[in-house]
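Chains here go by letter, A, B, C and D, matching the order in which they are written, and residues are numbered from 1 within each.
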Amino acid sequence: MGTIKTDTKVMALDQAIRRYVTHADHITIGGFTLSRNPMAAIHEIIRQGICELHIYIHSNGQGFDELVGAGCISKAEIAYSGNGRFAPTCFCFKRQVINNKIMVEDYTNFQMALRFLAGAMGVPFLPTTSCLGTDIINKWGFDIETRKNNSRLSSKKLVVMDNPFSKKTAPEKIVLVPAINPDVTIIHAQRADTTGTTRINGLTFSDIEQAKASKSVIVTCDELLNPGLLNHDPGNNQLPSFCVDAVVHIPFGAYPTACYGLYDYDAQFLDLYRSIASSQERFNLYIKDFILGTKDHAEFIEKACGNRLEQIKADPETGYSDRIKRN
Amino acid sequence: MDYTLKEIMVLCAARKIKNHDIVFCGTGISMLAAVAAKHIYAPDCVIFFETGAIDSKLEKLPLAVSDSRVMYGAQAFCSLVDSFSFMQNKKTGANIVGIIGAAQIDPFGNLNSTMIGEYGDIKARFPGSGGACDVASFVNTNIIFMKLEKRKFVHTLPYITSPGWLAGENSREKQGLNPQGPCAVITDMGIMGFESRTKKMFLQEFYPGIDPETIKEHISFDIDISKARQTIIPKDEELKILREKTDPEKLILN
Amino acid sequence: MGTIKTDTKVMALDQAIRRYVTHADHITIGGFTLSRNPMAAIHEIIRQGICELHIYIHSNGQGFDELVGAGCISKAEIAYSGNGRFAPTCFCFKRQVINNKIMVEDYTNFQMALRFLAGAMGVPFLPTTSCLGTDIINKWGFDIETRKNNSRLSSKKLVVMDNPFSKKTAPEKIVLVPAINPDVTIIHAQRADTTGTTRINGLTFSDIEQAKASKSVIVTCDELLNPGLLNHDPGNNQLPSFCVDAVVHIPFGAYPTACYGLYDYDAQFLDLYRSIASSQERFNLYIKDFILGTKDHAEFIEKACGNRLEQIKADPETGYSDRIKRN
Amino acid sequence: MDYTLKEIMVLCAARKIKNHDIVFCGTGISMLAAVAAKHIYAPDCVIFFETGAIDSKLEKLPLAVSDSRVMYGAQAFCSLVDSFSFMQNKKTGANIVGIIGAAQIDPFGNLNSTMIGEYGDIKARFPGSGGACDVASFVNTNIIFMKLEKRKFVHTLPYITSPGWLAGENSREKQGLNPQGPCAVITDMGIMGFESRTKKMFLQEFYPGIDPETIKEHISFDIDISKARQTIIPKDEELKILREKTDPEKLILN
């Protein structure tokens, strides 16, 4: 691979977060529950004390819950807040919602994915027939006044309309969900080059749509490559360079969540996190010790994972590790 | 051979899956049912995760639908949009069997997995729809997993997250949803179906050793138990495969 | 690779066309101008004399023009009918349109792609802002009466609506384009397995959306593999088995169009085709000699390409051939 | 060094491309202009084909946007939907320079590439929009290539395929399109721009040796030639790169 050429897009994590994530921004993060959350970047947001964030996610368990617990989030538009076997409902999330510390608007996973896609496509909405007859239509977390007074919120949670192409006598109903165009999207990828071309291995979830929908995009990556190396196989690159504003090289940047092909989730840490997150006092101590008390992700991993790091490294054939303790 | 209630639940769901079905499953017990079906009854069924993994090899049981274990050896990957589009698409949606759970259920099989209370005054918070409402809106065959408890089987839901038969009769079709509502509610005591006209929940099967009257006592609304018959006892072979092949690490069956 | 297992989806081309393509069907074909058109299947449709077809395409130059010239098509919803340097406007198409032999409805490439995507997603329409203020909105190839009397046609060419989420005082306009759900989609891929799992190398154009939108799908492929072999790299497989109804093994199945990585377009044949297609008499002779006069694709290639076949084989590094005569 | 009109046309278009532009091009001369820009003026510009090839290596000149030569060594591939979405998306669309052609053009830069006549009575048929109308609807910078002929530069189009400045003034913005209409029409005799308020076409540049009055005679509608200046003569270096590197096989420049 040789030496990495410098490029204006390549920067340190603290610099990228400082430049692209601001108090009260509308943000979104990539990954899904316990996979490929941009955890290093999330921890850096917590370290920098950025708050009042408005977040849009589908099912980002671990990353979302840490941001909520740390008090970074004031509003969330979500589909799901659980973390597989490690949290039926994320613990900080549950507590902060009941304590009225964050406002929530509920959609479905498909709807959130469509909203990101609408933003990526540059259209104001996309249609679906999901959720007809449910309270996802009838009950709004942000009422119409709140929406009117906040220019950044969609004017309506969603709109139900008649299908104008219907040939049936009874009109068919269609739900339109509004586009999301966040200020910044942060994703973690296995590989990126210094120009921003990005390759995700395994499932991409909605990362690509989230990035394309956003004003700015930060990609953290386990491996940073020189330009051209990814061009031998363009069909496996999901983001062209012109979609990406900052590229940050962070080995194990998704830890403690999994990064397919490189490392597994740290099941033992996630079990520990369950007990941490179930009390705000314990969670505050965790933030103090593990996040604010470490200067960067490498130190965090050293503290959280220690000598288990070898165990979570993935078998290159299967993409996961058989050496982690899962029960 | 002895068996646990979790085991009979899993097998009851697995028995409903046919060989050319596409099985959409979530985490936990529903994923186990899908894997058990593939191992025991329907080797050619395609297990399909909302995260976009199609026909995963599943040599190890995933602990979440995003687990790298759903990615290894799959037939194809797709995005979240593509994944749910397969359900919304009438051609593929017709062959999809959804298996979902929830915090609460009403007599028409509508589900709450969002909250108790109202926005601004939330008493209890659950994870939210995830893909459950999408599945419940789109697919032709929908199986629900629920633990039988009075506070879970309630007359009126504080929040309808996923559509069941809505208000019964043809109300579901009138709303513009796939006319097929849920087909079964699989609990730890027995299995409920829905009356063909009214779409009201009734007791279809009770597990060996469970008294239908006990089931009735675990439900907040009135339920017809007159048509209930006993569930077929799990065969040794089924239990053996379930324990040895489907969840040998006892990650879910523990 | 070993012997190929039999599977009910694997069949001969004539059998697949007979089973899935019927007189007056609504069809669509994959590829783009001079790349990856399912030419073997198109020629088989011509051999079987299937006609009155309604076709939906974006920019399928070669395959579309041959179907039109052979009289198989009565209605076409298209975005473009040219073939790169070989035809500014396809010759049979131009003639048959002016002679009123086919009815045409004009959309844009994006709109046709969105219409296939809508069909794939199971929604009745998708939104765009393309074509506002143009005659693509104002002028309809199929008038409202024709549409009312034909249950298979969309009730309207398209619908212009106000954006219901607009926060501006002047409403923003949105164009809704109707979904396409053809009876059959035919695509050609480099590789498929006997269960129908399909891998396209290089650009996929709208093939995937076209296949997912369709009631039936025929995949012709250059290489047919046993089940499981494509599962080592699921990220490169675009169609899962449950999307595909028939798999047909046809080496050089896209000839004379290109199949990235395997063979180039036959520029000399396409130059010849230009003079063939510019006269209906010559085109009729071509059909008689080259298509009806050959029993299958192998014979057609022997006649059309002969000893040039070695020249069009692609360089595995670049995916095309430097040995073809292009000027 | 001598040069052909095709060569000066290509160079005039190429000169309008900046280093961080994303250049959307079609087949033929527009593709050549994009490649020339990359070779001569804007090495970091990204050439982007509607077929979904992004930043193609282009070691050999493609003969169509679907040519395998657009695929080799590209930075990324995407679908047709993704490709046009990059244009419709305001963030990426703002950096995209479109280069399109047509059969006919009117004084406001609207284009016809569909037909002459009416459906049911078609006198002449062209290929159709392809992606041209999409480009013309979405992108901030749009360059038009046209051969200067009276039957091509007409007062009223029989069919508007791609929007220019529509009826002039702010009519384009009012329709809901990207407010930026076409910026230049590059012909084989000179270059037209559009008046900043009225959006009517005027002659901006004439090629060396071409009389502006001759240009006027090749246009069916009245055009202001009073502001026209002579185009900068192609430099030897530009011509050398164009001939030796951009189209050495003379596939388009022949």
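As a convention for this text, a residue touches a chain if its C-beta (ideal position, glycine included) is under 8 Å from a C-beta of that chain, and two chains touch if they have at least 3 such contacts.
Note that the structure is predicted; figures quoted are calculated from it, not measured.
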{"item": "Groups of chains joined by contact, in the absence of chain A", "value": "one piece"}
{"item": "Least hop count linking chain A to chain D through chains in contact", "value": "1"}
{"item": "Result of counting contacting C-beta pairs for C-D and B-C, higher pair", "value": "C-D"}
{"item": "Centre-of-Cα separation between chain C and chain A, whole angstrom", "value": "38"}
{"item": "Distance from the mean Cα position of chain C to that of chain B, given in whole angstrom", "value": "40"}
{"item": "Distance between chain centroids, defined by C-alpha means - chain C, chain D (Å)", "value": "27"}
{"item": "Distance between chain centroids, defined by C-alpha means - chain B, chain D (Å)", "value": "56"}
{"item": "Set of chain B residues in contact with two or more other chains", "value": "53, 71, 73, 77, 81, 88, 138"}
{"item": "In chain A, residues with contacts to at least two other chains", "value": "122-123, 128-129, 172, 174, 202, 235"}
{"item": "Chain-level touch network, classified as line, ring, star, complete or other", "value": "other"}
{"item": "Interchain contacts, given as pairs of chains that touch", "value": "A-B, A-C, A-D, B-C, C-D"}
{"item": "Chain B to chain A touching residues, read off their complex", "value": "27-28, 50-53, 59-60, 62-73, 77, 79-81, 84, 88, 110, 114-115, 118-120, 122-134, 137-138, 159-163, 166, 171-172, 174-177, 249-252, 254"}
{"item": "Residues of chain C touching chain A in the complex", "value": "122-129, 151, 154-156, 159, 161, 163-167, 172, 174, 176, 178-179, 201-202, 235-236"}
{"item": "Residue numbers on chain C that touch chain B, as the complex places them", "value": "119-123, 197, 212-215, 230-232, 234-235, 237-243"}
{"item": "Chain A residues touching chain B - in the complex, by the definition given at the top", "value": "31-36, 58-59, 61, 78-86, 88-90, 93-94, 97-98, 100, 103-104, 106-111, 113-114, 117, 128-136, 139-141, 170, 172-174, 202-206, 208-209, 258, 260-261, 264-265, 267, 314, 318-320, 322, 326-327"}
{"item": "Interfacial residue positions of chain B with respect to chain C in the complex", "value": "22, 46, 53-55, 57, 71, 73-77, 81, 85-93, 95, 138"}
